[in-house]
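Note that the chains take the letters A, B, C and D in the order they are written out, and that residue 1 is the start of every chain.
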Amino acid sequence: MSFRLPTYLHPDFKKPPFDAAPEVVFKGVEHTGVAPLNYHATSIYPEYFHMGKGEWRLLRETRMDCVVTREKNGSLVVKEFRHLKPGDQVACGRAEDGVEGIFVNSDPFGAEADDARGFAFRTRITRETSFSIDYDQLYDLLDHERKKGSILWVLGPAVVFDRDARNAFALLVRRGYVHAMLAGNALAVHDVEASLFGTALGQEVYSKQAAPLGHYHHLDAINRIREVGSIEKGVFDGTVSTGVMRALIKKNVPYVLAGSIRDDGPLPGVIADVYTAQDQMRALACRATTVIALATQLHAIATGNMVPCYQVTEDNSVRPVFFYIVDMSEFAVNKLANRGSLSARSILTNVQDFVVTLERGLRKRVS
Amino acid sequence: MSFRLPTYLHPDFKKPPFDAAPEVVFKGVEHTGVAPLNYHATSIYPEYFHMGKGEWRLLRETRMDCVVTREKNGSLVVKEFRHLKPGDQVACGRAEDGVEGIFVNSDPFGAEADDARGFAFRTRITRETSFSIDYDQLYDLLDHERKKGSILWVLGPAVVFDRDARNAFALLVRRGYVHAMLAGNALAVHDVEASLFGTALGQEVYSKQAAPLGHYHHLDAINRIREVGSIEKGVFDGTVSTGVMRALIKKNVPYVLAGSIRDDGPLPGVIADVYTAQDQMRALACRATTVIALATQLHAIATGNMVPCYQVTEDNSVRPVFFYIVDMSEFAVNKLANRGSLSARSILTNVQDFVVTLERGLRKRVS
Amino acid sequence: MSFRLPTYLHPDFKKPPFDAAPEVVFKGVEHTGVAPLNYHATSIYPEYFHMGKGEWRLLRETRMDCVVTREKNGSLVVKEFRHLKPGDQVACGRAEDGVEGIFVNSDPFGAEADDARGFAFRTRITRETSFSIDYDQLYDLLDHERKKGSILWVLGPAVVFDRDARNAFALLVRRGYVHAMLAGNALAVHDVEASLFGTALGQEVYSKQAAPLGHYHHLDAINRIREVGSIEKGVFDGTVSTGVMRALIKKNVPYVLAGSIRDDGPLPGVIADVYTAQDQMRALACRATTVIALATQLHAIATGNMVPCYQVTEDNSVRPVFFYIVDMSEFAVNKLANRGSLSARSILTNVQDFVVTLERGLRKRVS
Amino acid sequence: MSFRLPTYLHPDFKKPPFDAAPEVVFKGVEHTGVAPLNYHATSIYPEYFHMGKGEWRLLRETRMDCVVTREKNGSLVVKEFRHLKPGDQVACGRAEDGVEGIFVNSDPFGAEADDARGFAFRTRITRETSFSIDYDQLYDLLDHERKKGSILWVLGPAVVFDRDARNAFALLVRRGYVHAMLAGNALAVHDVEASLFGTALGQEVYSKQAAPLGHYHHLDAINRIREVGSIEKGVFDGTVSTGVMRALIKKNVPYVLAGSIRDDGPLPGVIADVYTAQDQMRALACRATTVIALATQLHAIATGNMVPCYQVTEDNSVRPVFFYIVDMSEFAVNKLANRGSLSARSILTNVQDFVVTLERGLRKRVS
């Protein structure tokens, strides 16, 4: 296979200005959840902290908009403000070029080839941008990641609103292309509704016919699972006999269902506290080497906030994290870019087509 | 003023089939949070329950997708599934026409005049639909509601991303056009950021210039308020000297800031548990006589789920609840309609223009 | 195969009010291009004109927003206002129910089954509406139409901006699924550009790389074809060796390239006069039994205006014309609906995915 | 007033590489409408051609994607390919830096201040970008241009679909803020329909009520004007008593109504040949110092193709041409950017609000 990971550009800390840079300064937290003045906030990029004597330590399991604490065992931890406790030692300094002992490596894998001389059309991604190549690259990437990486999917409910897309995603799970899943209550509700009644919000997922009293279906699905006790129990007792949740549970794929104010129910297992949900999402996100977000602005941006642009592998090499967002709207894509999640690649299409096409393309590889 | 509320069409329960209808059946809850089989789910419409002897009782403070319990004092309460406790008596029956003792009055205020004979163009609301009249009706409506109703605003952060829109909304608060506000962490964060730094996500709210190190601003704003202890304290000690949050707090307007997985921080006062947040949102929503949702799909749909199409006033008359959604996207509007919140009126425009125009139009009235 | 055309509901003209209806009145045109007062305007529906003695004549090759003239040979012709000449006899009357001798059959094939009792979610088509079934129905429909109907495609340039979509569409042409094509200058320009340079607007259609001096490519493509004399000559002399235009020309599929004010060039063969272009488009449109419009608002609406909802077949039976619009935007779809082209079915996705998926699905049938 | 035009950065042709640059080469056209090999294509930027002896001549009245001919009188003319005649002398060379005698000044007015150090959020214009400042800048700009410049408006029909927006635009015309107007048949049709019937496509422009038989209104409006002979005659005989077209005609503001394949009618005066229409549009566009395109992708892109980023004033100084596009869709804005019309500023809102707000803001200035 032609797939090859790009090479990480290691900074040379023996050169100026690094060789003369001071140690990074840590200051103590005084009030719970409040960082000291001049705290350093993390980015999506590899960041190095000068711990003294020329040791520049790379952050692991980082994410943007957090602070860095030095733990008692000397390790550096990337922490949300809300987790700060009095006495925590927080790295300070806002210069990103090393002069305060902090270096943000904002070009970690080299700029992409850019041969646009002078003037070029079509510098922005729109619905008219071609994406055959994105599929082909994804086939290669996902085949690589299935064995050697960790693929995190972030799903909006549209994935289970359509019969073929729902089946295709369940197949991707079964074939090992899904290492973790993040979603909300609605994804699980309508997936269970489809299993119990063949509908989503009362509309049949294939024929689109409105079912009689179909507006009860999602409530009946929730009520049924609440009675059974959990989605897991529903899967194992046969109540939930098809779909995405069943595939995940059967395959022991970890997932987080984060609650939102839009929820009915909720289903058992949905996390009511959004910051607890963030913590659990991050626990999955910080292992991911590829993230694919499908038709969900809320969860895509939440995940984009948590995922750095790199991952340190077991053999201590640094590799990129690939982040794809698939959505119908230029706005969603631009909004993610405006949050600073600059490394996301966008595919502007309907996720129903995307999932079905992706599954078909990967299937050919396997067989 | 020309404003007049439409008249409620009271059902005549002395006529068939109501006169021969049975009492509604209540069944006991067995498991916490689980409704009995054949439970009745509420809608946005006025619903009547036959309590016996010809007494058809109208629900108050209802919302869709809940169940109805008969409390020990005999009152009927509209309850989310998650609040059900063993022994609760839940109304059962899915027929909506009275034959099971439940009547859903799905045409409470008469169909709007519809003179489309045979064939008509332009039956759907799009960005090309005129809306001069919507402004004029809103001026009348809001002037009426300011004194005699309760206006609930649901805000997306775009309202505070622009200087003039932010100022205009603060003026609406001060002039009494805002009786309650629902939003998320981001609205408050960027409003406070604008007060402290003049920016939103680091971009100046008037000049659009990127401020130096501006990507620290929203974190600095959160950190500062966490240090102060609350937004309220920040307002009263002068830290927060301008903006929407200040106007609300100064005027004692109740608000709910609901957490989401997208949040940085969060600010003190943001509710982490989304179902607690729902409860508090509903406590405000069930008083509302007019709801206006601006540029937020998440909060607009959440609120749409909670707001019925009618309100029972102090003198026991039934009046409509007006629900406006202002957004840039036909999708957002259609999505709300597809959830069953059918009575929403849509205005397709940028909320920055909407808020500024509305404030200006209302100001003329007052002066 | 399971495909079956729905049955036409023939009106019974022996019943009231038809049996007592007067003959339709014709009035003479006085000024070129001006219809007489009270002219009747056509719709997309089957319309019958009472010619006397109980003969109700059905319009053929009709379109909306035209008038009906009685020619010297007695035939009825549906004519654009701009083609009216002094002396033309124009049918008058605006009642659609027969009382003026004109009957508009606005429910020609029976309402679709609609079992929505009382209340239903999801009555509008959005990006979240499932469409697996649309593909399956299209496979059946297109297989039927390939042999027994006439499939008219209306193409926006996005179809040729992507390598795989461009190849897939060319395959559809070669396999006989394309009986006629309507498009603009841009479709042909970028198709030829892709053949000559592998780019569209200077961006490679597979790799998305910006080609050096790529902004010259579309001009060079136009200039080259102008030098050669026509796209046809370019195809036959080997200048244009791949793509959609080549496939059409090789297969003798008729097409219209209509000019617009946005054009560079134009290519030879593009029709500069838009009303001449309309006439030529209509000549193809009035034979169509299925129309599929891909990612072009301008051409989709223009074609929608020209295509009635029915076709009279050679054996004088009446069958429906199927009209699909595939687009990314709810707005485009609603806009078509608001023009009165009510019978269009919408698929909200990226046409690149649509064309590739459709070709793959149809290929399986054949093999 | 604070308005000041930015200063043009004149290239210094005495410096390298200009001082050693050859004369630009001209080659003769052999076939009508076909440029010679290696022709130079124009851009939106100021371009200079070395005519010999150190004379670098600046193009006037240029537009992108054309060629440059040396006329018999020695002048340079920017010409569309379709206007080339055998013998025409066309400038050749594709280097833009002067080494072939052609210099494209792609930074004519200095880069805008860009203080984004390192990393910044919000680099893209979306619906959440603030635009108070755009209004204020437009008030200053339009007041300046009313007297000292030339303001070209490009209108989509949405401007006349709403009563208040239609009235506001007519006021802008009357007050001198409109020096020329480009639109299509639909703008004029619905403007006349509003004057005759108070509707647009049959829907009342204020109340939104569907008028009885309202789908006849636009046809009746067209038919009436065709009978009268022209929109101008309709204005002067009182047939057309309100609206945008009346205001333009009364004020002698030149306009072009370009035909499209979507047209009904057309109205007299609509130009059927799109390339003739382009020529007439360009005749107005090449005088413009500010262009404002409202809710029309077709006409906005067509005009964007014709308008350079600068204008040479009577006193031979070089000033920028300001180009605003107001639309609901990020796609429309990105599409214009992808065509190379890079200097456009975008405002993402509904043009109904935009026009009403603009008129109100400008009115205050005058009074």
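Please note the rule applied: contacts are C-beta pairs under 8 Å (C-beta built on N, C-alpha and C of every residue); 3 or more make two chains touch, one makes a residue touch a chain.
Since the model is a prediction, treat every value here as computed from it, not as a measurement.
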- prompt: Higher C-beta contact count, B-C or C-D?
  reply: C-D
- prompt: Between chain B and chain C, what is the gap in Å from one C-alpha centre to the other?
  reply: 43
- line: So, in whole Å, the Cα centroid of chain C is separated from that of chain D by 31
Statement: Where chain A touches two or more other chains simultaneously, the residues are 119, 121-123, 127-128, 201, 213, 215, 328-329, 331, 338-340
Field: Touch-based graph of the chains, sorted into line, ring, star, complete or other
entry: complete
Field: chain C - residues contacting chain D, complex
entry: 31, 33-35, 39, 41, 65, 81-82, 94, 201, 213, 215-216, 219, 222-223, 226-227, 258-266, 272-278, 281, 297-299, 301-302, 305, 328-329, 331, 338-340
Query: Inside the complex, what are the residues of chain B that reach chain C?
result: 43, 96, 104, 106, 118-119, 121-124, 126-128, 329-331, 334-335, 337-340
- prompt: What residues on chain B touch chain D, complex-wise?
  reply: 113-117, 119-123, 127-133, 135, 157-158, 161-165, 200-203, 205-210, 212-215, 295, 328, 348-350, 352-354, 356-357, 360
